[in-house]
Amino acid sequence: MIGGGKDAFIGAVHRLALNMDGQIELKAGALSIDPQIAKESGEMLFLDPSRIYTDYKTMLEEEAAKPAEERLDFITIVTPNFVHFAPAMLALEKGFHVVVEKPMTFTLEEARQLQAKVEETGLTLLLTHTYTGYPMVKQARQLIKDGALGKVRKIWVEYPQGWLSKLTEREGNAQAAWRTDPKKSGKSGCMGDIGTHAANLAEYISGLKISQICADLHTLVEGRVLDDDGAVLLRFDNGAAGVLMASQVAAGEENALKIRIYGENGGLEWAQHEPNTLIVRWLDKPAEIWRAGTGYLSEAAAANCRTPAGHPEGYLEAFANLYRNFAQTLAARIDGVEPPAAALDFPGAADGVRGMLFIDKVVESSASDQKWTKFE
Amino acid sequence: MIGGGKDAFIGAVHRLALNMDGQIELKAGALSIDPQIAKESGEMLFLDPSRIYTDYKTMLEEEAAKPAEERLDFITIVTPNFVHFAPAMLALEKGFHVVVEKPMTFTLEEARQLQAKVEETGLTLLLTHTYTGYPMVKQARQLIKDGALGKVRKIWVEYPQGWLSKLTEREGNAQAAWRTDPKKSGKSGCMGDIGTHAANLAEYISGLKISQICADLHTLVEGRVLDDDGAVLLRFDNGAAGVLMASQVAAGEENALKIRIYGENGGLEWAQHEPNTLIVRWLDKPAEIWRAGTGYLSEAAAANCRTPAGHPEGYLEAFANLYRNFAQTLAARIDGVEPPAAALDFPGAADGVRGMLFIDKVVESSASDQKWTKFE
Amino acid sequence: MIGGGKDAFIGAVHRLALNMDGQIELKAGALSIDPQIAKESGEMLFLDPSRIYTDYKTMLEEEAAKPAEERLDFITIVTPNFVHFAPAMLALEKGFHVVVEKPMTFTLEEARQLQAKVEETGLTLLLTHTYTGYPMVKQARQLIKDGALGKVRKIWVEYPQGWLSKLTEREGNAQAAWRTDPKKSGKSGCMGDIGTHAANLAEYISGLKISQICADLHTLVEGRVLDDDGAVLLRFDNGAAGVLMASQVAAGEENALKIRIYGENGGLEWAQHEPNTLIVRWLDKPAEIWRAGTGYLSEAAAANCRTPAGHPEGYLEAFANLYRNFAQTLAARIDGVEPPAAALDFPGAADGVRGMLFIDKVVESSASDQKWTKFE
Amino acid sequence: MIGGGKDAFIGAVHRLALNMDGQIELKAGALSIDPQIAKESGEMLFLDPSRIYTDYKTMLEEEAAKPAEERLDFITIVTPNFVHFAPAMLALEKGFHVVVEKPMTFTLEEARQLQAKVEETGLTLLLTHTYTGYPMVKQARQLIKDGALGKVRKIWVEYPQGWLSKLTEREGNAQAAWRTDPKKSGKSGCMGDIGTHAANLAEYISGLKISQICADLHTLVEGRVLDDDGAVLLRFDNGAAGVLMASQVAAGEENALKIRIYGENGGLEWAQHEPNTLIVRWLDKPAEIWRAGTGYLSEAAAANCRTPAGHPEGYLEAFANLYRNFAQTLAARIDGVEPPAAALDFPGAADGVRGMLFIDKVVESSASDQKWTKFE
């Protein structure tokens, strides 16, 4: 693991997720650039002292030199955005599979290079678009794939958070500090951090691609540099229309990602706050409450549940699903067999490029007087 | 009453609403242009046969000629959009107060003329933007007025319906037929029918005015002429940003008007499907569930409740609130006294002009390549 | 109307309900035993001064003496419990149909006499068990009648209120005062006031009859005389088991009547706080959200809706449904024709007797050391 | 681990829970009495082959003989109820701390012996009453402890499941088979399996003790031996009244444990299906939605959250909280220091005895004609 020292947020989440199924063991870490924190963090995690590093280059170097049976299988990168690309490239060059937080890189150009490297090396990259790991998200995707709703006409995806309603970045909140700093976060704040999740979810569930956008980004808290709010009108490649709304200043909201998709025959609704439920509405009959862990789910959804219906699974389980599918895929590939279809269902480098493109394009569109901007 | 024969929808709703509080009695009607329907409808409503008309002009003529104590106090117009203006003008000219369905007229120009006539005559006009009649909508407005949320930054208002997901207008649905016909409905379908409600609600609760828009209207069902779906990016006069989404092809949705408004300190959420609840969220403490009929409501909200908390009031009561407030205002004015503040809280001609402006501008903006269109 | 002066609660509700559909007009009233209040209340309601009475006997006497076309069609009695029986008997004797608030009488014996008088006179009595007027309650009943759930095994009905959590009856609350006074309310407080509604609802929806009970009543607020809380274990005539819970000291609750019924194949859930929704659960497929105003409802439910889906109807509409069905029944009987099946669906004298029996038996059971008490 | 082979349910849940925080590692197992399953299960879990046992006695024997630094710290017992006592006693005798599934033993007498042994040895026992591991359950407990609701008057706890609505035990469902078999499950089915959870939760949150009960157990599915449904009237040691309802034949329900507690000033409601929310109601102000992961939680609740608000945590995290607290307690005790207060908050042997007493008493009360049975 690169990044994720004891003072970080998402690194701890990665560890909870990778621990859960007992298939993955954290063996080495360059957990912080602060040697003291790196050391203490590694000890807290019971790492072998010889595998606690203060520098990712040294770690990748030394670990790559170990014999196959001792070598790390993959590297997880949980640093701020501007430190994704270099370690990911190096890890791939050293022959490691890679897990990297989203957005995949700092610039679109880097993302394309990384994707090329993944293709060149034949290694596997997992991009942690966590929300696609929820079983009911997979069920929604399957229903649309199966044509249950007919042609998709309309997509509304929204992601309100309220935690940046004040100038939190100046009050000692480290998370807020780097995320609102263009040097560390990139050219967008809110859209880069959560808008990309929303766009990814919309494309993942619908199976469609965004083709044109009209964006309106805002910095609603005075004194902030990057956008903390925005809305994007969407057009999809099949002619469907959509709206994406994301905000980090929706005061009082937690992490309320929600999506609604409507087709000719019905619509569906999924909200991350109640992730085990998928509402499916029909034109001429009662709406239905599909639930995780039940017997009527599709294989794709069922494979991502751990407990029977009524035992709520949450964010960490969704996260663990990404890791579990990724690990199953690696294991199969290591064994030289084809991974099961369900295992291959995790976001990768192509999603990462698409996310970086989204950031580029919403920023471009928002700055433009012209209504529509082509999405590549 | 003009329009609202036994085959109509909204006329019956008006009657339920005006009956409820026992303050208003329907005495005469030109309920249909079909003489047979007009007659049968009038009889079903126990009208005096001499006051059942087949023609609104005759009705206004004859009723205006009656002695004061027999005269109608006001005229309700519940015809399709293209027959709002002429009867409303005539009624005002004959000295009657007027209740008219929204959108107020067929064109913006007519709306302005009607507003001028209202001002000229000093008569009172009620425009039935029903949703502003709900007590928790009034509570939301009051909370913002009182500054509880701080400066408003963000408004999201949405209005999904699904009833036009098919080409219902060709399947004998009279409601659908005129609403999708530009000759009867006007230059917009979805935005005229429900988008106006959403815009009105946003301005009513927030106390702000829309200043710029960027609209994207769609006709998602093939074979239809007018828009059946759309989204509008909004900017408000205080710098707040917003999104308005309306659709009549959100398959499986009923009438799911919902609004969320966020300020510096918190946010609120109200949904018409559960109208007796207002969710108020705060930055640093638990969200609150404000409920109709409770003892802690503002005077403005409490005056629009009829029963104690836990006895759900709905759409008809909200509608009746408009009539009750209007009737109290008329009664006070007839008595030559100032109506109570709560009674004056109903939508009027200025809202009607603003609604017609909204229709004009969203159509104009949607057709434009330019991103932003000034709202007046 | 007898009772229901301007200082009363339920009388006003009755008037809202009977006004709504424009089929019933209040023409006379003995609205209060206080002559001043009776007069002022009558004037507020635009009653003819000659038909404002201060004494129900005089009213019934004089109204009965009027010619048929002027006579009242029926009498509504909305006095406290101890003044139900005498006016109801007299009204029946004078040939009037009767509407009476629940519980029907003060004692079981009176209830039986009243039922006998109804049968003897052939007149019609409406007992306002309001909650059976909701369309989704009727849909629930129909689903069970149609066997959709299979044999009913389990019924849970609950009715939490919190308004008597303090000794409100000593703080000038007139409602609380008579309802907690055994001389005016009868031998039970909570169970008489709301427990009877819950029991009635359970029997109405399930089509079953309670056959044995085990009751545990409590007076949880010190200084109160009658029960303000209780629970009853139930056994039904088909072998089903049940629990009824009612409380007026469930602090913070409003009027949260809710019922769940489970059969061999599925279960259903209805809650008065969201009355337009009926949840239907199945063993092996997604739960369903049935909604008022939709096209898929049974005739019995649809006949009790006034507006399309998504226009919430509430407590007053449920109440108005009782009146509308009752009025349709009277109208048909006056015309000498058989009322339509849907119109006959309102609670009557038999329900009133059963309610009084419930009160008697829960009080008896609660006082007993023996577990089970036969329900008649 | 004893029990929990690859064909079992709760063993897998224990492993997910103990893995999550990276503090506990499964090192040895007697996972099945079927040697083949034991072997395969152990291999799947990457156990050292020498520590895969087919017999818990051998395992305890051999593991106890290992040097301290290799020895297991504790033993988890996840066998059916009738195989809890013997391995737990032996483990304690061998000096191991113990984790055991509820109900703690097969008989009340065994439970008392086990409790005595725990006291005698000074070892630590964790009984997995999972639902007490949820942060919002702990918040509820804290609110009551702090007196926020005033004196508790009323407790309603319910636990509907529907999975035994058919004779599932005869359809090859191993879970159903042993749970409905008195030889493996004990003298109660539904009350032993889920009623004990409900009773434990009520006492845990309220801080009260049940003092009297009146139980009514049912076997509603023909052909079944043990109860599959029941209700219990409760009286608590402070005079509060309550009702406990549990059913495994509430067709269509999943695992819908829910509790409501009312005091003089307000009430609270928690439901396992939406475990991150605690509704708190007040007499004279809006109800509040308290949420997991927020900054305003008590220390006891906050210590049991892993992620910020809006990242739903579920059943596995609640389960992991038991393990994490237990592990922290062990670690502190091993280090000879006092465990932190939050770590000591997990169910133990006393809860186990109380659960067995509950089973004994509800069965006794249900068979009795007398209304009330003393609880101990």
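Labels for the chains are A, B, C and D, by order of writing; each one numbers its residues from 1.
Definition applied: contacts are C-beta pairs under 8 Å (C-beta built on N, C-alpha and C of every residue); 3 or more make two chains touch, one makes a residue touch a chain.
Worth saying up front: this structure is predicted, and the values here are computed from it rather than measured.
The interface in B-C, B-D or C-D that matches A-D, meaning over half of the contact pairs are the same by residue number, belongs to B-C.
Note: centroid distance subunit A to subunit B, computed from Cα atoms, is 43 Å.
Taking the mean of the C-alpha atoms as each chain's centre, subunit B and subunit C sit 34 Å apart.
Note: centroid distance subunit A to subunit C, computed from Cα atoms, is 55 Å. Along subunit C, residues 253, 280, 287, 291, 294 each make contact with two or more other chains. Arrangement of the chains shown, judged by which pairs touch: all-to-all, with no pair of chains left without contact. Subunit D makes touch with subunit C in their complex at residues 149, 153-154, 156, 158, 160, 162, 165-166, 214, 216, 218, 220, 229, 231, 233, 241, 243, 245, 247, 249-253, 260, 262-267, 280-283, 287, 368-372. On the side of subunit B, the complex with subunit D involves touching residues 279-280, 284-291, 294-296. Subunit A meets subunit D in the complex at residues 9, 12-13, 15-16, 19-22, 26, 45-46, 161, 163, 253-256, 272-276, 291, 293-294, 306-317.
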